[in-house]
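Two complexes are shown next, each including chain A; its partner changes from chain B in the first to chain C in the second.
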Partner chain A sequence: MFSLRQINNWARIGSPVLALSLAMVLTALLLQLLGYDPLKVMRILFWQPWSMVGGFAAILNRAAPLTMIAMGLSFGLRAGIWNLGAEGQLIIGACAATAVALTVPLSQPILALLVMAAAGAMGGAIWGLIAAGLYLRFKSNLIVISLMLVFVAQAVLNGLVFGPWRDPSGYNYPQSAVFAPQFWLPNIDGFPLFHSAILIAVAILVGGGIVAKYSRWNLGLKLAGESSQVAAYGGFSSSHQILSTLLVGGAAAGMAGMTMVAGSLGQLSGSVMQNYGFTAILVAFLGRLSAVGIALAGLLVALLTVGGESLRIEQGMSDSFVMGMAGLILLTLVAVDGLLNRRGQHDQ
Partner chain B sequence: MPLNGLIVKPLYEVTTSPIRCYKLMNDSNPLLELSGLAVRYGELYAIKGIDLSIFPGEIHGVMGDNGAGKSTLVKVMAGIVRPSAGRIVWQGRAVKQISPAVARGLGIAWVDQNLSLFDGLTVAQNLALVRSSRESLPWPKLPPPPIHLGSDQRVATLNTEQKQLLAIEMALAGRPQMLILDEPTTSLTPLLRDWLQGVIRTLAESGCAIVMISHRRSDLSPLIQTASYLQAGRLAHRWRRGEDESRLYPPLMEPQAVAKTSNPQRPILDLDWQGKNWQIMAGTITGFVFSEAATAQDFFNTIGNLSNGLRQMIGLRRLPSPQSGGALALGLGLVENIQITADDSLSRLGWLRIAAARRLVRAIKAEAGLGIQWNTQPVNQLSGGNRQKLALLRELLQNPQILILQQPLNGLDRQVSQTMAKRLRLAQSRGMTIIVTGFNRDEVAPFCDRIFDV
Partner chain C sequence: MTNESLALVQVIITTLIISGTPLVLIGLGVMVAEQSGVINLGVEGMATVGALVAVIMVLHDSNPTLALLAAALAAAMVAGVFALVSVVWRGNQIVTGLAVSLLCLGFTSWLGQPYQSATLSLPRPSEIPFLAEIPLVGTIIFAQPPLVYWSLAMALMVGWSLNNHRLGWLIRACGQSPQSLYALGHSPQWIKTAAVVFGGAMAGLGGGFVSLYSSGIWHAIPLAGKGWIALALGGLAGIKPLRLVVFAYGFGAVVAGQLALQASGSGFGLSPHLLLALPYLAIILVLLLWSRRFKS
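And then the complex of A and B:
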């Protein structure tokens, strides 16, 4: 049993590393076949962004909303509560935050941002609760319900940016007016390129990590993920778990939505979300639902995006090729990691 | 090509010559021969040096303490566990790589102690999964089960007795030549136990070999013709019918005279259930013996499903039977399993008190010696007996006023069940009120003050 445990432990740490290496080898082979210099491409994709402050900041700025959403989602996913609607919760959070910025006359910047953040989190939470409520009422499929609500949220967003909120001086682009400066999320003091959303993400990750480790709520979610019978025996109600995890997941996504509109853009636009709500599901699973893992996975996914942009500029690679390559890397990572883990579990 | 009921599939290598095979095809030759069999987990041997032959129509009992390697041995036969050393010969042919599929192909069926069923599927769908090419084989007429399972019923809605029946029916549906039963009767009421005995007899008469693990002497004694007694992974004793049985069933210590509490008894619980009324006295162990599984489950649920708040107020804890699969989260570690039923001592305002849980884990390890080193190791690495000890001690050590146990000594060997019975006695002598439910008067009698038949 001793060596079995060693193997399992080794697999836990080693499998992501092995998976990443294999993913890179596969990508390198593909690049070689297509006539690119794999080493150069890899250097631009994986290394170059770290070597410049701007690139580093871009990675962290992108990782921030991803990790926030992923941390929020991790609780439900742990219990097998499949909330795939984070994208919708993100959109509604962004809309709610925008509503505050456009309509509430607040001049004190800190208060303005707090109210805006609260609105964003509440918007996302309500969207999550709608999914939970529909699920509990009609006992339909949560995956479908939460996913369909994304389209509803997108329709709401489009309705707003094409309709009442369209910026009169925006040349008919589907976007809101630019917020007043007190509704802008500032950069971190002393680090001009680093967005303060990073701090919010760190706070959410740390808080989420603590809740995951020490709360009885999360224990119940773990039990539910193992067996609904055991969770019921422990006195955890599944409907309570569905409501609470969708509330938490929605709030985190809504918060991310707020940081996205109040961040670099300072306005709500029809295309602000960039599928972060879906990518975050990948980040959550890649990070094995743990706070540290999610932070690492978020950084990796952000790195692939930032590095991918450099590739487009420096190597003249097409958009779709870069996306395909990032997709290949992530797919291999998930597949190999999953395979190794399964094997580990099976051996027990 | 079917050969004496054996469907030859290219799943395994045939290393003996066809002539030898033919020579072995009469009934006086063993169906299954194991020689030098060993299973090793790391440095630890679960079983070692096992030589065993099972003949057609033989009913063979596998006995021994918890953790002696009984389940591991039959899991090798069923192809679930791969041996680290040794030879497996089936009807004269060496089986190179045993796996569940190979074993099934050979005609070996296995009823798992943990009842591996598909909870999300219906009874009929579960049965359909095991229908095999062996359906055309001759098969004796078996007595019909006394209870009927609705074929459209989802397995998740069955009680443990019905699940156990389904698991047995699934094994039979494959028309095996060898049927392995690992603790098949733990959740069965006497009615179904009698049925199973009838099935086993009929099967054996028709030439099917039966390998059976049980802790119940009443299950094994009337049936088995041969037996192996395992001790710490070794075959310590072989037995044939006619020989002295005493080594198979180590002597039980005489049930101790009930230490009556000296203080006058006061009722602590007034149970009204299905028009009947029972008064449970404080500081006693009361046994409820049921003749029907559904009633037993209903009774346990009625008491057990009091709201959390009410339960905490009257200091009541409950533990479902080990077979129900509801007491432990097998994929999680010791600490998490301790916290499942955490009340105020282990959690406060929704936050877990990890240090207190660790202390409790240490206390349980000290008492039960679980043989698990890390608190994060999943408890599915524990043997069935140790799991039950863990669950039982978890509830006992949190000192409830009233503890309700569903078949608490199920699946425990005689020694462990004696220790646990003593442990319950000790808790009772310190003032705990314990209610035990079961199907068998003999099982609860040795440590109960009062027994009610329901």
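And then the complex of A and C:
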């Protein structure tokens, strides 16, 4: 499973940097081959977001949900519990938060947001627990169950935004009505462009980092990642670990879903998720499952998506170029790690 | 039977075959790789690469066979990269697979932009003599693209070799006990790499089939999750490709049934968007029933 014990500290920091540079060189070659100007593309992608107005805020706003989800996922991934369904947990969290905003008559803004956040986290957690419960009850395949539930969640989302929640005055777009103002997450006081979801993300990262460093729970997860027998010998129950990590991962993803609907949009739309649930898995691994790493990786991927938008506007390049590049960065990281980590074994 | 219901039956059978076949193709590759001990989460991406390559080839040359071979080759090359990182360099399989999928999905959708909504004109598949003359269903079942029949033949071949041939035994031994295989003087790495590359080629064929025959047009997410579904079905089927065929066509039947429900307008009052969840729920259900039967 995912284990970093053979990697020394130099490689822990050095190999992501090496991987990033390698991925950039490979992408530049591809761009050159296709007749683009690689230097120009890279400049727009990596530099422009910093220099444009509101660029830094846009990066942080995007990094917020990504890092929240990734931090939540990191615990399960550390134990080799492959919850690949964060996208579904994100969607259901967003739907649950929307249900509150559309139906519960709360007028006090702080209370409204708290109830909405709780609903989002619970929605995501329940969706995660469904996967965990089915897996435990039937001892089947967690990867497949959690993935399939993503498609089910997408169908639920579409059923809602094309059906009962469709905004009657929304020109038939698949989106809900705009929430009442008390259900909007405000911007940070004194920083008009920075969304308060950033503060929630920071809180989750710090809290997650502390739990990862000091809790017995995380120690058990670490052991399980190294060897399930050792963990069982240490008194850690694997079914408890599966339930608890999917609960935590689901709640974090659901929370992120709430911030996405209560954020800049203020409504639920069929395309609000933008694959953040899948991208967050990438962020978690790029960040080596640690809080600081996840923050950095989240910022990098957010930078790429903001840069990707400028690319689309200025060069007419599709946004999906950026997703491909993010995949390439992760692939080179795994490759570099694998090479540094090579052991003289012939099995596996 | 009235003409209308006959037409409906024909549509259902065609849907079943057209949506089942790519799952059989991709699933066979998943199955072989999984038996060798590699879970290939990159299949969705590999199949997407196949889908794009097939479209580009058909637009330039319009020979579907050549296009499908090119699709298989391209996806096999991607699988080669996956094998290099995950088998030879021992990167984590699941992370490597996810990275490959993201990489391929992102880059194909970007590179496919110029082909957006280009329509493909393919020659009508030729009918199989005599069989196609069977009344009612003959022209549907026996006038499909040749790859439909090839996929079934390949299922038989994979099944035979996994169960009765030395090659299949080597692959399975590699999945179950690579150490002993190594002790016997074989290289588990090479067997796994070969199995993964075979899986990639099959995924490419499946992706090519999707873009040439089910959509007939290029759009940014051609597979729409079929790779993940094939991953589930290929794993579920174990070493029995015929079981895979049943699952794949069963999935096709659920898709067809859901379309029929939509067309008939009943749908039990459920939104058609909600009905789209049915095939995935069916997979979860099969998965659960299946594991209970074998593990309790």
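Just so we're on the same page, the second predicted complex is superposed on the first by the 309 of 348 C-alpha atoms of A that agree within 3 Å, B and C clash if a C-alpha of one lies under 4 Å from a C-alpha of the other, contacts with A are read in each partner's own complex, and residues count from 1 in each chain.
Keep in mind that, in the parts below, a contact is a pair of C-beta atoms (placed from the backbone, for glycine too) under 8 Å apart; a residue touches a chain by one contact, two chains touch by 3 or more.
As the structure is a computational prediction, the values presented were derived from the model and not from experiment.
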- Message: Looking at A:226, would you say it contacts chain B, chain C, both, or neither? Reply first, second, both or neither.
- Response: first
- Query: Thinking of the overlay built on chain A, is A:313 touched by chain B (first), by chain C (second), by both, or by neither?
  - Reply: neither
- Query: Counting only touches as set out at the top, which of chain B and chain C does A:215 meet: first, second, both, neither?
  - Reply: first
- Message: Looking at A:33 after the superposition, I want to know if it touches chain B, chain C, both of them or none. Which is it: first, second, both, neither?
- Response: neither
- Task: Check the contacts made with chain A and report whether chain B or chain C touches more of its residues.
- Result: C
- Query: Should A:234 be classified as contacting the first partner (chain B), the second (chain C), both, or neither?
  - Reply: first
- Task: Pick one for A:110: touches chain B only (first), chain C only (second), both, or neither.
- Result: neither
- Across the two complexes, find the residues of chain A that touch chain B and also touch chain C. 1-2, 348
- Item | chain B residues touching chain A - in the complex, by the definition given at the top | 41-44, 308, 320, 324-332, 336, 339-342, 347, 350-352, 354, 373-374, 377-378, 380-381
- Query: Inside the complex, what are the residues of chain A that reach chain B?
  - Reply: 1-5, 213-217, 219, 222-223, 226-227, 229-230, 232-235, 345, 348
- Task: Sort out for me which residues of chain C touch chain A in the complex.
- Result: 39, 41, 45, 81, 84-86, 89-92, 94-96, 98-111, 113, 178-179, 182, 187-189, 220, 225, 228-229, 231-232, 235, 270-271, 273-277, 280-281, 283-284, 287-288, 290-292, 295
- What residues on chain A touch chain C, complex-wise? 1-2, 30, 34, 82, 84, 134, 137-141, 143-145, 147-149, 151-152, 154-156, 158-159, 162-163, 278-279, 281-282, 285, 317-318, 320-328, 330-331, 334-335, 337-339, 341-343, 346-348
